[in-house]
Amino acid sequence: MVYITRKFHFSASHRMFKPELSDDENFTLFGKCSNPSGHGHNYILEVTVAGEPERGIGYVMDLKKLKVIVDDALIEKVDHKNLNVDVDFLKNIIPTSENIVMKFWEQLESKINNNHRKLYSLKLFETENNVVEYKGK
Amino acid sequence: MVYITRKFHFSASHRMFKPELSDDENFTLFGKCSNPSGHGHNYILEVTVAGEPERGIGYVMDLKKLKVIVDDALIEKVDHKNLNVDVDFLKNIIPTSENIVMKFWEQLESKINNNHRKLYSLKLFETENNVVEYKGK
Amino acid sequence: MVYITRKFHFSASHRMFKPELSDDENFTLFGKCSNPSGHGHNYILEVTVAGEPERGIGYVMDLKKLKVIVDDALIEKVDHKNLNVDVDFLKNIIPTSENIVMKFWEQLESKINNNHRKLYSLKLFETENNVVEYKGK
Amino acid sequence: MVYITRKFHFSASHRMFKPELSDDENFTLFGKCSNPSGHGHNYILEVTVAGEPERGIGYVMDLKKLKVIVDDALIEKVDHKNLNVDVDFLKNIIPTSENIVMKFWEQLESKINNNHRKLYSLKLFETENNVVEYKGK
Amino acid sequence: MVYITRKFHFSASHRMFKPELSDDENFTLFGKCSNPSGHGHNYILEVTVAGEPERGIGYVMDLKKLKVIVDDALIEKVDHKNLNVDVDFLKNIIPTSENIVMKFWEQLESKINNNHRKLYSLKLFETENNVVEYKGK
Amino acid sequence: MVYITRKFHFSASHRMFKPELSDDENFTLFGKCSNPSGHGHNYILEVTVAGEPERGIGYVMDLKKLKVIVDDALIEKVDHKNLNVDVDFLKNIIPTSENIVMKFWEQLESKINNNHRKLYSLKLFETENNVVEYKGK
């Protein structure tokens, strides 16, 4: 079993809030992350796939193919977007990194998994200091 | 003359657009940066001050004092904010990194300069790959 | 299960030596790390907590709360300190990264763990090139 | 159990190709990575060893000794080399990161493992964005 | 005057040698950098342009346009190439970073300069530790 | 004129204090940096030399030779040392980064300068966020 990882970048804005609460109540719960006009991040996403290197080639998966899959399924849809309003598959959640990364997993898993390889981990850096990882269970 | 630099971080959202143009015209001019709901960044700001180290102490300027000045004058006002609508001194400009850094200079210069030291450079990283620097003239 | 990580920085000095040995014997054992007046590092500590995102909020744990806990329990006590003499809970050990990180675990575990989350890993970077990780067993 | 990691750097060139195929067929399979005169990378290798800190000392393994072992067994043999032709233990494989890291494991494992510690992971960064990890099975 | 910088990445191999010398003489002059089968690097190139932000827009130069120019004039020609044999404008020089960066300047300057902006600096990172900068004179 | 830079690392401890003041007065002046048992840093030093590439070779200066000079003149003397007591040429100063970098310049300048090249800049990173630069005047 070998683990391959590719790093992706996207810039997006979001706001932490529960629509059923007032701005003041949201501030109590989420602090400055609930600022009504939103704020943003340069997110980094690390996608890790586990598998056996293909005989005679030596790749678990061509990283250029992994790039196309992740760009199409995720990056195109979230880069330079507002994660509260612009992304279909993020509707109806509060866009915390925890929730985002679990929704990303749902979008990616079936596009990557086959008999020889499996999506192993998604790691989302909201900032250099704040990171969330999900392994699908 | 010695140059001291301190690095600051803030997260903010913005949208590139000219209000007198349509969304389509703005997209032609600014591309995906004109997305109407905005997008965001983890900005890094490097503030450089030039001066002579104070005799008997050895500091051009205590970096803890520089931190207080820049936090009060800039970071508190832009962190977790929308740069198009939330910041008084950024009103009436398109929030490109070039325009932001020149407005930051106006806010900071008089609070730092004295007989022994001068604000020398502001360097703003919008992303790891895109940087703008201004030296006040 | 989702894993959240926050990065902390502190600067400290230490000296590798066994008090029952001479300076020469310590140099044989620890090399230049046993220099009698000590040396120092900018340490980075990554704290990872595992848990389930809270329903309706989406956080495993508010990272601002994690920051307060780790700042109070660890960073305040070790930042700008000498790890051989200034820190109560590091007394009586040689301050190798291995020993430090196991002592950090003892200080943090009960302050973080509850029914919904557990301290999962502590990763201590002595330098960019030298790293130690501990998972509590 | 504590995990210690040391980071190593080397610069090398390689070419992705199967000798039984034409240049055009190789281009179809490997893209620009099959350019006949080769290309190069600044590789980073992270070596992780798992073990218990030695009593009275506090090291899983002196990182200076780990450095000597890895420099002798690997870095000396691959730094400033062409991985297709210059390295004995890489002959007869296509030098993908997956294949390289598995061959590195074969070279290192017996030189590190003893009753108290085991080679735990090799992580090879081909670029900042492309990473491969192997844990020996 | 505002300075904008964009960072580019490319991977390439090279060999330091003077064709009129023997392999041994080249080793005396260039050390392991003269290894006959070459070695490689992940180069980083920082391109800085100086100018005044365009009125009503706020860009010195749209960084997406700068990216197209540099990709076409340089990156396409050197990425995944051997700098000794594959690149027209590097023929007849020893591919040290100093020589490379001066040849890059010749390729770029006329494509960037106009009445409002000038190529200001090219900074080439051969490794994280070794950097060369050229400002055109 | 081409500018070449090499990066060096060293770990050291120091304490900010004026010997003629009490511990309390030093705390007022220098804050936690005056902690009597000292603290430490992983310093990074960037040495920049300006010159013309040597004809037929293409180096301003062989970076391996620059490394030997800086290792001998500086790094050997400060790595794993206490900058208040262990380093001859730092005696009688308060070891602020400003003072250190000016003393480093005195040690290096004559060993690097000749008819073809000059020491151009010393940049000292005390932490990732705090940097001091000196250009010799």
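The first chain written gets the first letter, and so on, giving A, B, C, D, E and F; residue counts start at 1 in each chain.
Everything that follows uses one rule, which is that a contact is a pair of C-beta atoms (placed from the backbone, for glycine too) under 8 Å apart; a residue touches a chain by one contact, two chains touch by 3 or more.
Keep in mind that what you see is a predicted model, and the values were worked out from it rather than measured.
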### Query
From the centre of chain F, which chain's CA centre is farthest?
A
### Query
Pick from B-F, D-E or A-B: which interface has over half of its contact pairs in common with C-D?
B-F
### Task
Please compute the C-alpha centroid of chain B, do the same for chain C, then give the distance between them in whole Å.
34
### Query
Between chain A and chain D, what is the separation of their C-alpha centroids in Å?
29
### Task
Can you tell me which residues of chain C touch two or more of the remaining chains?
128
### Task
Could you please write down every pair of chains that are in touch?
A-B, A-C, A-D, B-E, B-F, C-D, C-F, D-E, E-F
### Task
Using the touch rule from the top, collect the residues of chain B that touch chain F in their complex.
1-7, 53, 56-60, 63-64
### Touch list for chain F against partner chain B, complex
18, 29, 31, 93-99, 101-102, 128-135, 137
### Task
Quick one: which bits of chain D touch chain E in the complex? Just the residue numbers, please.
9, 11-14, 32-33, 35, 37-42, 79-82, 84-86, 127-128
